[in-house]
Structures are given as C-alpha cells and as structure tokens.
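This is the structure I have questions about; it appears just below.
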Amino acid sequence: MSAVVEFEEVVAVAGAFPVLTGLDLRVDQGEVVLLRGENGAGKTSFLRACAGLISVSSGDAHVLGFDMRVDRRAPRRYIGLLGHENNLYRDLWVREHVEFRATAAGAAESDTDAALIRVGVSKKLWTVPIGSLSAGQRRKVAIASLVVGRPRLWLLDEPHASLDTESRENLDLILAEASQLGATIIFASHESPLTQGIASRVITMGGGRVLEDSGAS
Amino acid sequence: MLAETLLVARKDLRVEWRAKIALGQVAPLALLILVVLAFALDANSSLLELGAGGLYWVAVLYGGTLLIQRSFDVETDDGNMDAFRMSAIGAPSLFLGKSLALFVQIGLLELVLGSGIAVLYNVRVADWWLLLVAAAAGTVAFSVCGVLWGAMSAGLRVRATLLPLLLVPVLVPILLAGSRAFETALGVRADAGWTWASLMLVIAAVHTAIGFGAFGFLLEEG
Amino acid sequence: MTSVTHSKAKMTATATTRVLGVLAIAATALMAVLGLLISPADVIQGEAVRMLYIHVPSIWIAYGAFVLTSVSSILFLRGRKRREDRGRHYDRLAGSAAEVGVVFTGITLVTGMLWGKVTWGTYWQWDARLTTTVLLFVTYLGYLALRRLPADPIVRSRRAAVMALISFINVPIVHYSVDWWRTLHQKASLSVGRRPEITGEMYWTLLYSTLAVTIVAAWLIIHRYRVIRLEELRDEEALAALISSRLGKDDGSN
C-alpha cells in the first residue's frame, strides 16, 4: 500500500509562530484518519501543510509522492481541501458555483447535479444565491464542491460543523464510500463519538506534534 | 489555457451579474464624479469641453479602482484564495481570466461615462476610430495593471487604502496617454493621438508579460 | 544562534562604518566649503546655483539606490530555494536601499522646489523632471508601505520584491510619457527646467559633491541594513523561544 502522506520531523512556521514542531506521521492510501486535539494543537496547520498551503521549514514531507520541500504546489490538483471557511462565491447561485468548481477541477458539468443530490442539497435551492443560505446548507454546498472534483486525498477541517444530524450521517456515508473507492481521507473533528465509527485510525495532536496514534503504520 | 481563462472570466462576470455592483453602484458614482467635476470647474462650458478627455479618464480611474478592489474582495472573501491556490487552473489563466472580466466591466463603465461627457460636457467627436481604439487600449492596460497590483495587495490588511496608493502612480501614464488621445479624438487638440494610444498598448503588453510570470508567485502565501 | 542580547552586534557600528562615517562627515564638510564658498556664483542664477550641489547628486544617488533595490530584488527572488536563509540578505538590502532612495528623492524635491522659487518665482512647474520625480517618490513610498504591512514576513518580502521590479520597469515608461507630454506643450516664454551651463570649478564641485553624497548614502544603507538584520534576529529568537516552550510544555503534561 503506497504512502499518501509521509511526514518526518516536520517543522512548519506561519508568520512568527511554529505551528508544527516536529511532526511524524505516515498515512497510507485508503485510510480514513480522524485528527483530534484541542484548539491550537496544529490540526488545521497539518491539513494545510498536506495541501501545500504552508511551507515546511525543516524535516521531510511527501504528499502523494511529491516532495513538499521541492514543490508544494504539485499535489494540489489531486487534493480536496475543506477548511473552516467554505470557499463559496456568495453572489452565485448554488448550481453555478458548484458547476464552476466542477469545471475547474476537470469534471463534467453533469457531475454537478449528481454531487448536489448526493450531498443532499434540495433542487429548490439550486437557483438560490449562496449568500441567502443557512450555515448548514452552505457547508453542504462546500462539500459538494469538493466531492465533484473526485480528489485522491480528502483534507477536511471540521466538516460536520453546522450540519444537522441527518446531514452528518450522510457525510459519514459519503466519506465511507469515497474511501472504498480508493480515496484517502484525513479529517479533523471535535465530534468524536459520532465520527469514530468511520475512522480506521485516530490521531491525537498537541503542541504541533502527534501525541497519540491508534494505528501507526 | 484559453478554456480556463474563459471559465474564470465567465465566473467573474456572472458574480458581477448577480451582485450588480458595477452597474448598480460604481457607474452611478463615477457619473456623479463627472457632475462634481463640473461643479468644481464652475460649469464653465469651454473649460469642460477642453478638459473632457482628462476628466473622463479621472472618473474611469476612480471607478476602475473600485472595480478592481471589488474583483479581489470577491476572491479574499470566505477564503476563496485557498480554492484558487488548490485549483488545477494555472496562474496565467487566472490572471488573464480576471483581466478579461475586468476589461468588460470597465468597458461598460466607460460606455456610461462616455455618454456622460457627451451629454454633460457637450463634446463632439472628431475621430471615432481613434476614440474607440484609445478607449480600448486604455481599458486593456488598466485591467491588466489592476489585476497585477490587486493581487499584490490582496489578502493583506489595510488593503482598501493600500491598493489605490500602489495603483495610482502606475496608472498615471495611462491617464496621461488616455487624456491626450481623447483630446485629439474630440478635436480639442491636434496631437499625436495614435502615438498615445500605442503607448497604452505598450504598457498593457509589459504588464501582461509580468503578470504571466509573477501571478502564480503572488498568489502564494508564505 | 547569535543572541541579540549577548552579541557584539548590539550596535550597528563596526570599524568599517566608523571609518566610512568619518569620511562622510569630512567629505560633507569639504562639500559645504566648496559649494558655498569656493565655487563661483552663476552668471544668470547667482547664488541660487549652489542648491544644485545637493539637488543633482541627490537624484543621482536616489536612482542608484533604486537600481540597487531592483537588482537586490531579482537576486532575492532567484536565490530563494538554494540558500539556507533563502536569500534574505538581498531582501534586507532592497529595503534599506529603497528607504535611502526615498529620502534622497525627498531631498531632491525639496531642494528643487526651493531652487525653483528663487529662480523661476514658483515652487512648482509641470516640467518633465519634477513630475517624474514626484511619481518616483510616491511609487517607492508605496513600496515602503508594502514592506511595513502586518503580514507573514516571507509573503511580504516576496511581494515587495515583485513590486520593486515592476516599479523599476515602470520608471522608463513614466519618464518617457511625461517627458513627451511636456515637450509637446513647451511654453516658449519660460525656459522650464533648464540647468545652467556647468563648467570649470562648478563642474568639479558638482562631481565632488556626488562623491560626498555617495559616501553618506552608503553609510546610511549599511546602518539601515544592519538594523533590519537585528530586527530579524530578535524575531528569530522570539520564535525559537516559542518553539522550545511549546516542546517543553508537552513533555508529560496535558
């Protein structure tokens, strides 16, 4: 099984603050990894480092086979990142936005409808401007934008935030399906009781490093 | 790359179409600037006729800067820059796409302003061909510079005052060239209007080349 | 790592800069003597011509400083990946040179305005040189503003470097367009912006003044560079302290 994420003694700095302080972690393809930890533990920074959005100042970091110290932009097209923010164009209609993201990711336009249905955004909302949606609905649109691109590596930061119970369960199903189709999923969440079910591995972070790992490979 | 450019441009224009900021807010404001300038010059019709070329471009400068800010506000809102960085779309296509969308928006603004000076300042067009070419050349230069410098100040705090400070010195040659070209086209002065128009194209070309090279670099954080 | 509080680099002065500093003072003193006393007054302009001994070298040095900024910026952008410190010293040099350049551009403008008041009767004329100088001033003022923004230092340095390059490429464009604009609108009555004929003693004084101003500028750039370096050292130390405190905290706690 090939390694999707390989970090060794990784230190990453954002501005003047060390957000990762010597992180060691290896994630193989197909795994579903849950990241836990207090606020400030470095979960978001780790996800962003995997996405190549923050640079690694020391250590070894490889994502999807690419060396992040040489070119951290290389793996991005294969990665789906869902951060705290939704990355939505609030003036566009729901369908227009997801369509744009789909085309940008190289997916067919028809995939848009499928993704929206799968995520559970009702058709009535497809021609509504994103700005008038509730927080939960917007989160679902953001998830749909990620799903439509069919990424190999899913990096999710509190994906369940703002979602109601039904939508959360639906998201868990989506993640399980994606994992079965070969995608690797790393998600940070505070919702341990609900989400530990789908995760094959739980990692606890603190102070910018890995503190506990339920299934080190 | 052409497909990606058009994709980005269409997205920007569609956002604008839904939000109606350019048409709804900026154009009326720029038109108001023309009126205000007339007040400042005491509605002296001969002065206004002489100065119409320059005053037009000042209003374009003002409205255009607002449109450029808006174009990047859309991208920095809700963390959209991250989506751009993660996207498979190449940086040159992003650069060209946003420039194209801005070109259309500023062009529409200029249509409004052009009608404005025709009516308010009572101008007569001597050379339509020169007028349109000069307007197009200036708009291209403006758009390309705007996207380049907008990216440079995007995502940094205090952007709202930084962008005009950085942008205006860069736009001065365009303002200069555009005003002189318009004055020739409006028959106010017998100048080398075509040379001024080509200067604006040179500015546009230089900044496009730089944008191609530097845009990806500018998008990155750290 | 050198600690700011314990290193000899507590002050930005070294043997080199002390020598340079003394030279600068001596050179400036001599320049004052030459400029104010020994060199002759101009036939047309009278004593006012002496202002040029500061005015002209200032703008030359400013141009030189901005060239230095641009070259440093290029080197910074190119050297990013290969060097351990990512070519930061080029970034520092770019910043210090630009500051000195802006100061001297300001001096050029002020002395120019004073000179204009005496010779033409007004502080300002819309001639090519003054206009492009003002634009140059504002442009690099913007550059300095960009450098001071609260942002990730690396992002800031990179964007500043790109801006320095674009601004520099803009200089000939601005110069050409403004110059051409003014030649088209040359007023016959006023010989706008005409410099006096420089010959003999005035020529040598001017040349010497350029040398003196260069020494002063070099001294300023070196010191400014070192101050920036100290600021960075201080920030690095704070960072290292934060890292070790984070690591220390999590060994057997939580």
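Quick notes on this one:
Letters are used for the chains, namely A, B and C, taken in the order the chains are written, and counting of residues starts over at 1 for each.
As a convention for this text, contacts are C-beta pairs under 8 Å (C-beta built on N, C-alpha and C of every residue); 3 or more make two chains touch, one makes a residue touch a chain.
Given the structure is predicted, the values throughout are model-derived calculations rather than measurements.
When chain centres are set by their Cα atoms, the one at the greatest distance from chain C is A. Set side by side, the interfaces A-B and A-C show unequal numbers of C-beta pairs in contact, with more at A-B.
The most central chain, judged by the distance from its Cα centroid to the centroid of all protein Cα atoms shown, is B. Rounded to whole angstrom, the centroid-to-centroid distance between chain B and chain C, based on C-alpha atoms, equals 31 Å. Spacing of chain A relative to chain B, judged by their CA centroids, is 37 angstrom.
Chain A and chain C have Cα centroids lying 47 Å from one another. Shown for chain C are the residues in touch with two or more other chains, namely 151-152, 154.
Multi-chain contact residues of chain B (touching two or more other chains) are listed as 220-222. Chain contacts: chain A has residues 14-15, 55 touching two or more partner chains.
The part of chain A that touches chain C in the complex is made up of residues 11, 13-18, 21-22, 55, 206-209, 211.
The part of chain A that touches chain B in the complex is made up of residues 14-15, 51, 53-55, 73, 76-77, 79, 81, 83-93, 96, 100-101, 103-106, 129.
The touching residues of chain B, counted against chain A in their complex, run 4, 7, 11, 14-15, 18-19, 74, 77-80, 82-83, 85-89, 216, 220-222. Per the touch definition, chain C reaches chain B in the complex via residues 77, 135, 138-139, 141-142, 145-146, 149-152, 154-156, 158-159, 162-163, 165-167, 169-170, 173-174, 176-178, 181, 184.
Residues 151-154, 235, 238-239, 242-243, 246-247, 249-250, 254 of chain C are the ones that touch chain A when the two sit in their complex.
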